[in-house]
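In what comes next, chain A is part of two complexes: it sits with chain B in the first one and with chain C in the second one.
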Partner chain A sequence: MSKKYKLKRLLVRRYQILAAILFILAAGLVLLPKYKKNEGIAPDLLMKKMISSERYISTDLLADRLVNQDPSVLLIDTRTEKEFQNYALPNAINIPLKKLLDEDVNGYINQDIYDVIFYSNDNFYADQAWIIGSRLGYTNLYVLEGGLNKWFHTIINPELPDETMPEEAFELYSFRKAAGMYFGVGTSEQKTINKPIKKTITVKKKKKRVAEGGC
Partner chain B sequence: MGPLIPNGIISSDWNYIIAILIGFAFGYILEASGFSSSRKLAGVFYGYDFAVLKVFFTSAVVAVIGLYYMDYLNWIDISQLYVHPTYVWAAIIGGMIMGVGFLAGGFCPGTSLCAVAIGKIDGMVFTLGLMIGIFIFSEFFNSLEPLFERSNLGHITLVDSLNISPYWIIFIFTIIALVAFYFSDWVRSKVKKVFY
Partner chain C sequence: MKELEKTKRISISAVLFLLIVAIGILTFKKPEYVFQKNTETLLHQIANNNNSYIITLDELQSNEAQQGQLIDVRSNFDYSKGHFKNAINIPTHELLKKDNLELLNSLKKGEKKVILYGKDPDQANTAWMLLYQLGYENANILCAKTNYSNNTFKVENYPLEKPSVNYAEILQSSKKETDKNDTPKTPKKVFTKPKKKKRVPEGGC
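Let's look at the complex of A and B:
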């Protein structure tokens, strides 16, 4: 009997109870300790992207895309301006790592039309630029694997494969040589032209002999 | 984590299907709350029934508190939610026209469709008028557009324009809601009861 009575009393007061819950929840939002939220993508997603090798683009693939004049490639040189003036990949834009977050260059990195490919002398600066950009949630960012050092060793000055290596190695070699020529560097082999050795044919003149014998 | 569709957790192909399911649920709740009756809707104005005020105010308060708790727990990113742009003068004029229509017809656009669904003739007439209104507005849109565009303030919220923490705004909003509920009950007790 008393249980029923209690329930009845509770039901009569149901709207007050619901209103109190609403008030407590709203007050809870105000009283909760505040913390600074991370901007950009979540840490676990960033880790997943970092571990994946998809962020690297090989020098061969980049050369192929440049030779075919792929319009979606946007090369960004993360080295210093002086180094950029010395040597840079064709059509690259120089954004030194320190200036990466400047507002006037943000438009190059924070977009989803081009494939942004960072490069430096090695992976080092380019990887840092990639992490900063990806952390902020920018998409289509890539790193040139091995940087300019590898570019030099593979495209500009490719290594001649051994005779025992498979056919693919030779095909790759000839592609790299051709790409190297496209980027304006001739390999030493192309430069030396073997001149055909002139064969001197010595024609021996027959000595006029005195007719021998006779009738 | 959320919102689920923009973050790719649910494919965007599901967008319309989810919208239809939510639409069904919304229509069902409207009808179950008795909002397909024009007498109940007009009751807010005459002071004999405040169900509309209570239902919509409660849903807004519950939704905003729930969303901000989810944001606090990182289940949803509140900054990714769509905020409808504010057109001040268009909203004031449109609100006045809708208020008159609401009172005269006894329906708002959503509830009129609810009434049509359960076969109410006044709901059908109201919906027909709604369609005519939409047609007239569309035909005269070119001449109305300057008024429409000029008062565009963009995607603003009270948090931006008052520069107060959203949590305080929610708290104040909740208190306003509770006071409004109490006040509406008081008004209702003073007004002659209407049975329908």
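Let's look at the complex of A and C:
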């Protein structure tokens, strides 16, 4: 009799009991080990991005885009402020590597309107900035290959090609020379170009006429 | 009748609940590799720690005895042509392979330094960034340029992030030059007036 009675009581309270079991199970979730989550993209994906050289943009291509005033270029100087004051590429924004993750700077890097091009003296720091940005999943990031050093040796002070070199080398040279002039550098060769050509106006001499006789 | 319907509903919901739990457990995938360092600590390490992760060539040669393991991150082909003595070859794209990670783990456990080098520090840098983020704090970069020429493996010092010229100076001096050039003297335009020649008086009629 008592057994039946107990079962009946249990059946009446079965919903409460079920709810209690669920609550206990839910509370158990807290005890589970902390789920490790990657910040940004996964390591193997980052590695694939890092080993490809797609991120590099050559100095010639950059010069071409700057000369043509491409509005989508956003140059970011990762050197220190002092170096930036000393010399920087036209329209570049200074974000020293230290301040890369500052909040007020984030708007420049984390966007998909401009092509962000990092540069430093070499491409070591620019690469590091690129890797951090890529890990966080930012797109449209590039690195100026060779940095300012290569910029100076190719655009500002290009090497004269040998006579035996193909025509393309000479075309590239004249492009670089012209780009260098655009960025405010005049070289000795420019003088010859700048020499004004003397204008000579030749006046036709009138021929002596034989005195015309009257009628 | 009503009671039967109620139990039916309960059993259905219970089965569904268990099914969801089972699916959740089965599809749970643990990420294979997990970054141990977040980007902030990484940035702190590269920007504020006075390049403590970079080993110069002199440092490597001066106390070779207590050095750690050299790892060549160049391709297999470059490695086979010439490499440092005692260096092992792990190209960057193979760093996440199982046996390579095991090797790195054992080096980390033994607190042995890992020195990465490539054809230049830039190449070693990518490998280092990856390893550091995965928690291998014992990794370092060798600041040297390596190349293979004349059948010998050559190592040179590499000036890291050093401006090769004083940019501002060059630009200024060239500006002066251009300033001079910019104002070319325009020659006075000389129009020679044709002299009127004395004409022989023309005879009238």
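In this text, the second predicted complex is superposed on the first by the 157 of 215 C-alpha atoms of A that agree within 3 Å, B and C clash if a C-alpha of one lies under 4 Å from a C-alpha of the other, contacts with A are read in each partner's own complex, and residues count from 1 in each chain.
Simple rule for what comes next: a contact is a pair of C-beta atoms (placed from the backbone, for glycine too) under 8 Å apart; a residue touches a chain by one contact, two chains touch by 3 or more.
These numbers were taken from a predicted model, which means no experiment stands behind them.
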Which of chain B and chain C A:L46 touches, first, second, both or neither | second
Does chain B (first) or chain C (second) touch A:L101, or do both, or does neither?
-> second
So, does A:R135 touch the first partner chain B, the second partner chain C, both, or neither?
-> second
Could you tell me if A:A19 is touching chain B, chain C, both of them or neither one (first, second, both, neither)?
-> first
Looking at chain A, does chain B or chain C touch a larger number of its residues?
-> C
If you stack the two complexes on chain A, which partner ends up touching A:Y87: first (chain B), second (chain C), both, or neither?
-> second
Determine, under the contact definition given at the top, whether A:L29 touches first (chain B), second (chain C), both, or neither.
-> first
Common ground on chain A, meaning residues reached by chain C in one complex and by chain B in the other = 37, 42
In the complex, chain B touches chain A at residues 1, 58, 61-62, 65, 68-69, 72, 74, 165, 167-168, 170-171, 173-175, 177-178, 181
What part of chain A is in contact with chain C in the complex they form?
-> 36-40, 42-44, 46-48, 50-51, 83, 86-87, 96-98, 100-101, 120-125, 127-128, 131-132, 135-136, 148-149, 152-153, 156-157, 184-188, 190-191, 194-196, 198-199, 201, 203, 205-206, 208, 211-215
Within the complex, which stretch of chain C touches chain A?
-> 31-35, 38-40, 42-43, 46-48, 92-93, 95-96, 121-122, 125-126, 129-130, 133-134, 160-165, 167-168, 170-171, 174-175, 177-178, 181-182, 184-187, 189, 191-192, 194, 197, 199-205
Chain A to chain B touching residues, read off their complex = 15, 19, 22-23, 25-27, 29-30, 32, 37, 42
